[in-house]
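Each of the two complexes below includes chain A, the first together with chain B, the second together with chain C.
Here is the complex of A and B:
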C-alpha cells in the first residue's frame, strides 16, 4: 500500500513526471517556481494564519500549546466534470441524510420495512429520545454537512464519514483561498477557479430560509461554547463574515417558548441559531443538567416551532460510525436509486465473521473505534509496529463491538512541498453541503487535508496533517455551476458565485 | 378507586432571582386505566406557562417567571378515577418502542453486583421473574421515607441498606435491563408509601417492565406488589431524571430551599 500504487491527482499515474493534460499549466507553474520561492510563500501564508489566530490545541499534549495547521502551497485541482459527478453524489447523500433523520425521529418507516436493525437505532446513544417527535422548521435537519471523502482514481471517490452535527473546517477553505489569491495570483489566470468566498452569504441565506414560518426578517446568530473551544476562530469568523451576532449561552434567554438575545438595546427575538455546541450542552432542562453552557428552555422553544437550530439536535444518529456501514442501504431506501457515492467497505467487528477476518488481516486494514474521532484510537495496519498491532488485537478480542475495520485504500496523492522539494503526499477531502428550504447546494471547494509525513495515511490535524487549497475548475465560458436541488425533489442547477 | 392529590412544591431563594425557567411534568394523562376528572396547576406568582409534550409523550409545562422573585409555590391538585388492570398499562401514549427502554443511563446502569443479583432470580416465566425481582428488591432494602437523594445512581443505592422508593425503582430498572428486559421509570402519586409523621413527602416513583403479549406492567418495589388502582401515573422516562416532576433553572445568586407538601388520599379517607 501507499505511495507507489496511488493515483496522483496532478500527475495522473503515480511516479509520472508529466501532469495530466488538463493540468499542464500547473506543471509549468511548478517548473518555473523554485522551491525556495514556494517555501517563502508558504511561510508567508502561515504567518498570516498565526496572526489571525487560526490555531487549534492538541488534546492530551502536556504543553498544550496553540498550533496552526500547516499549510501547503500546491493546490489540489478538481476538473469540472469530476466535480459535477462528485456533487451529484453529495446531493444524493445529503438528501438521504435529511430524509433519514426526518423518518427516524418521526414515522420510522425504515425500521418498519426492516432495512436497518431496530437495536442499532434504539440502543444507540446518538438516537436522542428527548427530541423524538419534534419537527424542525421546514423539516430540515442537516443544514450544514461536511462529508469526508477519499479518492483512489479520477472518478473514484469514497465517503469516509458523514459529518452531520457541527462540522468544522470551512474557515480553512476560505482562508486558504485568500492566501492563494494573494500569494499565487498567476494560478488564477491559468485556471478558471470557482469562487468560494460567497460561502458566508450562502450560509446566511440557508439560515434565513429555514426560519420559522411567518418570520419576515429573521434574526440569525452563531452560538459558540466560547473562546476556549478549539474552533472558536471559525465561530467568530463566520459570525463576522455573515454580519450576525456571535453569542454564548448566557447571552440567550428563553421566555414563553421564545428565544431572546440580550443586547445593549434590550432583548431581541432570535429566530435562527447556528449552534456550534454539542447536543448535550444545548439545554440543561432536557440534556445534561450539569451543563453551564446551555440555554434553559431552548428545546421547548424549538419544539414549539419558534426557533430553528442548525444543525438539528439528534443528528448524531446519522453520522454515527455504527450507522455508517448501512448508509448505502439508507441512500437507496430514500432516493430509490443506487448510491452515486460509495462507502468504504467496512467490517463490523461485532459480527464474528468480520472480527475473524479483521484479526487475520490486521497488517492490511485500518481499525477504528466506533465512538472515536480525530484519529485517536485508530490502527493503520500497514504502517503500524508489531507492538501496536498486538495491542489492537487484544483490544479487539476484549471489546469487538467497539470497533470497525476498513481496507487501507490507496489514497490519492497531490504534490506537496516537503523538505527535499515537491513529493507526493496522501490527501482526503471535506466538501461542505448546505441544505435550506430552497434546496441543497455543494460549495465548489472544500477542505483538503494532507498527511505531511511520507507514506502516512493519517491526515488529522491532531496527528500532524496539514491543509491545501482545493480548486474546482469551471466549464469554459459557463458560469460557475453548483449542484442544487429541492430538498427532497428534482435536481436543478443554479449559478453560484462569480468567476474571479 | 377515586384518588385525590394535593401537591405543593415551594422554593425559597436566599437572594432574589432574576429569572426562573422550569419544566414541569405534573399533569397526568387519561389512559384506559385512569381518568383525570379534575386537575389544576397553579403558580403563586406572575408566570407564563406553555404546554407541550416531551419525547416520551409526557405532558410538559414550561414555566417562565421574570424576577425579581424570592419564592415560588407550584401547586397541583386534582382527582383521578382509576380502574383495576392488574398493573397492566392500557392506552398510554407510546411514541417510543419498548426496545428504547433497554438502554442504560448514568442513573440506571447496572454493575456486576446488580447483574449478579438479577441473574440469581430463578424464575423462567417472564411475569413470575419480574414479580420475584420486585419482591427481592423490596426485601433487600428498608424503605427510607425521606426525600430521595438527588443524583443517586442505582449502583450507589444498591450498596445501601435503606433507600427511597425512587432508588428501589432504579435498581429494579437496572436489574431488568441487565437481563434484557425493557424497563422504565414512572413518576406519579400514590398513598401506599406516604411519608410518616416525621417523613418528608415526595412524589412517588415506581417502574414498568415490558412483557410480550401483555405490554407495560407496573411494579412497585417499595411495596413488593404491582402498582394497582392506588396509583396515579404522571410521567415515564428512562430514569428518574427524565421523568422529574420539576426540572428547573434559575438566574441569580444564592441558594435555594425546597418544601414539599403532598397529600394523596383514597376517596372517603
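Here is the complex of A and C:
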C-alpha cells in the first residue's frame, strides 16, 4: 500500500503551490516573509522557551536530560465550520467516555447487553477493581480529556487515541500562542483567531464545579510527582495560572478520611485535587505499596466523598488501546447515534483472522503495543527495516493479545520550516475537552504535533517531534462570517497584543 | 503557604546569596593573586578555600593550589558544596520546586545564572574567570531586582530571610579566616601585602568605597572590623544582616500570625550587636567572637525551620 499522497492543510492537495482559497492570506504571509526571517523568529521563540525552562525530560537520555520541544513558526489553521463539526464529535465522544466509566464501575449494562466481551474489561490491567462501586462527586470521571486526532482529507478526521487519564500538552498550546502573538502579530490581523488564554480560568471553574457537595468555597490544588517529572513545567504552569497550590504527595496528609495540606500555619483542608500522578502511584494503601509519590489514605477519602480527584482513578479502562477499537460501539451504545468522529480502522491481533492479516501485511501497517505510549514499542511498517519487521513478527506470534495494528494513514501535512526552507511535514492534533458539572467544553485550539523528519509519521516529542500553534478561526477565512460554535463559553474575541 | 514551599524559598535565598558571595570572593582573590608576588598568590587561593570551608575537599582532589585549579574548583566543580555551580544548581532546584511562587523574572535570573555554567569545563585565564564571575553577579543582581518587584508577601520574605541568614554567616567566615591578616602578631603592619589583603576583604563584601565614606582615613584593622561587624549602614555587615532578619521575621509574624522562638532569638541577637563595640571585640578575641556568632546564626536557622514547620 505504501504512503499515499497526503492532504496539505494549508495548500489543499499535496504538492500544490497555491493555498486553499480560504487561507490565501497565509499564502501571502509565507510569500512575503523570507525564510531566514521565519527562522529568526522561530529561534527567538525557542530561546524564550529555554529561558523560561519550558523543557521536558527524555527518559533514557542522561546527557540531554532537559530539552525544549522544537517549535515551528508556521501555524496550522482550522476554519470555523471544520472546527464546529470537530467539536460536536469531540463532545459526543467525551460524553460517551464518561458514561462508559460510570457504567463499567457501576451497573455494567454494556457487558450485560453483550456489546463488549467481559474478559476485555476484567482481564485488562487498566481496570481497577479497587475502585468499583465508588462514585465520584457529580458522577464525572474524565474531567480533562485530550483526544488525539489525525486528518487525511478536507473532511476526514479520525480519532487515533483517547487520553482520559492525565493528558499533557496544554501548556504548549498556551505558550505557543503567546510566542505567535509576540512574533507574528500580523497573522492575527489577517485572521480572526479564537483565543485560548482563558483555559486556566475554565479549568479552575471545572475543578470548583465538581467539588464535593456542600463545600461552599472549595480549596483546589494541583498534585505533581515533583520537579523531576517530565511534565513538571506544565504542572507548575497550570497551578500558577490558576492561582492554586502545587503540592507533592509529602505535602498532603489524610486524617479521618479528610485530605489536608501542610502549610506554615498548620493543616488546611483540601477539596479538589487535579492530580498529575498515575493511578498506580496515587495511594500506596490501595495501589502500588512501594509508591513514594502517593498519599496514603487518599482513595479512602475519595470513596468517602470528601475529595474530588481529576481525573478519577480507574479511567485507564476507557483510553486503553485494547478498548479503543470498541469505541464506535461504545459511543453508539451511550449516545444512541452514530459516532460523529470515526476511529482509525484497527485490527485486534487477539482475533486470529486479524492477526493473520497483520502478519501478512507487516510492511504496510502500524503495529502498537496495547499498553505502550509515547511512541515506544511501535512498528511503522513502511519505514521499518527488515530486521525490525521480523522482531515484531516474532513478538506478535508470541503474545498477539498485546498488540493492535492500523493501516498507515496518509496523515495530513502542514508547511514547516526545514533546513532548505518550507516543506510539508506530517501532523496530528490533540484538542482538550473539559467536563464539569455544568457541561462539556471544547477549547478552541489544541496541540499540533509535527514530525520534523521528512516523510516521518512519528510526531511524539520523545521521538524528535515538534509543535505548532493551532489557529481556530471564528469565520471561514477570506472574510466569510461564521462564529465558532461556542463550546467554550461566550463568543471569543481575540485581543491584539499583550498587556504589559 | 505550604511548609515545603516556605522551606524551598528560604533555601533558594541562602543558595543565591552563597553563589554571589563565592563569586565575589573569587573575584577579589584573582585581584589579590595578580598583585602579590609568589608564593603569596598561592596563599590567597588557600585562604579562599578556607573561607568556603573547602580546603579539605580540595586536598582530596590531589591537585596543587594554583590559580587555575582553585578557581576552577570554586566556580565549576559540582562535586562539593562550596562551588558556585553547586550553589546555583541547588538554588535552581529549589526554585523549580516552587516555580509557582516565583515570577518569571525571578526564575529567569536563576535559570540564566545556571545556564552560564551549563557544560562549561574550565574557568580559563584570569580575564575569563573575571568574566565568568561577573556574569554570575549580574544574574544574582537581576534576581535581587526581581524579588523586590514581586508581591510583598511571605514569598519574598522567606527568600530574603534565607539571604539575610546566609549573608551573616558568609561575612563572619570571611572575617574569621582573614583575622590573622587584620590582627597580625609580631609582623610589620601597613606593608603592601597587608593593604592588598584588606582591600580584598572589603572588595568581597562590596565595601571599598563605603569604607572611604565612613572612615576618612587610610585602612586600619580596627575600622575594617568595625565596618564589617557593627555598622548597619553596610548591607553585608553582621549588624545589617541581624537587623534584616529581625525585620523580616516581624513582617512574617504580622502577615501570618506566626511568631515564636526564632523571633525571640533574632531580637536578642540584635540587641546584643547594637551594644557591641569593635574595640571590645578585638580585646576579647575576634576569632572567639566570630565563632560564637556563627554558632548563634546556626541556631537561629534551626529555630526558623521549627517555627515555620520546614522539613
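Rule of thumb we're sticking to: the second predicted complex is superposed on the first by the 469 of 500 C-alpha atoms of A that agree within 3 Å, B and C clash if a C-alpha of one lies under 4 Å from a C-alpha of the other, contacts with A are read in each partner's own complex, and residues count from 1 in each chain.
Please note the rule applied: contacts are C-beta pairs under 8 Å (C-beta built on N, C-alpha and C of every residue); 3 or more make two chains touch, one makes a residue touch a chain.
Owing to the predicted nature of the structure, the values given are computational and were not obtained by experimental measurement.
K.L.:
Which of the two partners, first being chain B and second being chain C, lies in contact with A:247: first, second, both, or neither?
P.N.:
So A:247 only meets chain C here.
K.L.:
Would you sort A:454 into first (chain B), second (chain C), both or neither based on which partner it touches?
P.N.:
After superposing on A, A:454 lies clear of both chain B and chain C.
K.L.:
Of the two partner chains, chain B (first) and chain C (second), which one does A:303 touch, if any: first, second, both, or neither?
P.N.:
First partner only.
K.L.:
Touching A:201, do we find chain B (first), chain C (second), both, or neither?
P.N.:
In the superposition, A:201 contacts neither chain B nor chain C.
K.L.:
Regarding the shared-chain residue A:289, is it in contact with chain B (first), chain C (second), both, or neither?
P.N.:
After superposing on A, A:289 lies in contact with chain B but is clear of chain C.
K.L.:
Between chain B and chain C, whom does A:227 touch in the aligned arrangement: first, second, both, or neither?
P.N.:
second
K.L.:
Go through chain A and flag every residue that touches chain B in one model and chain C in the other.
P.N.:
Common interface on chain A, chain B vs chain C: nothing in common.
K.L.:
Can you name the residues of chain C that touch chain A in the complex?
P.N.:
It comes out as residues 1-6, 93, 96-97, 99-100, 104, 107-108, 111-112, 115, 154, 256-258, 308-309.
K.L.:
What part of chain A is in contact with chain C in the complex they form?
P.N.:
50-53, 226-227, 232-233, 236, 239-240, 245-248, 250-251, 261-266
K.L.:
Note which residues of chain A are touching chain B in the complex, please.
P.N.:
Those in contact with chain B are residues 118-119, 122-123, 125, 127-134, 253-257, 284-286, 289, 296-297, 300, 303-304.
K.L.:
Tell me, which parts of chain B touch chain A in their complex?
P.N.:
19, 21-23, 48, 50, 52-57, 60, 62, 64, 66, 95-97, 99-100, 102-103, 238, 241-242, 247-249, 251
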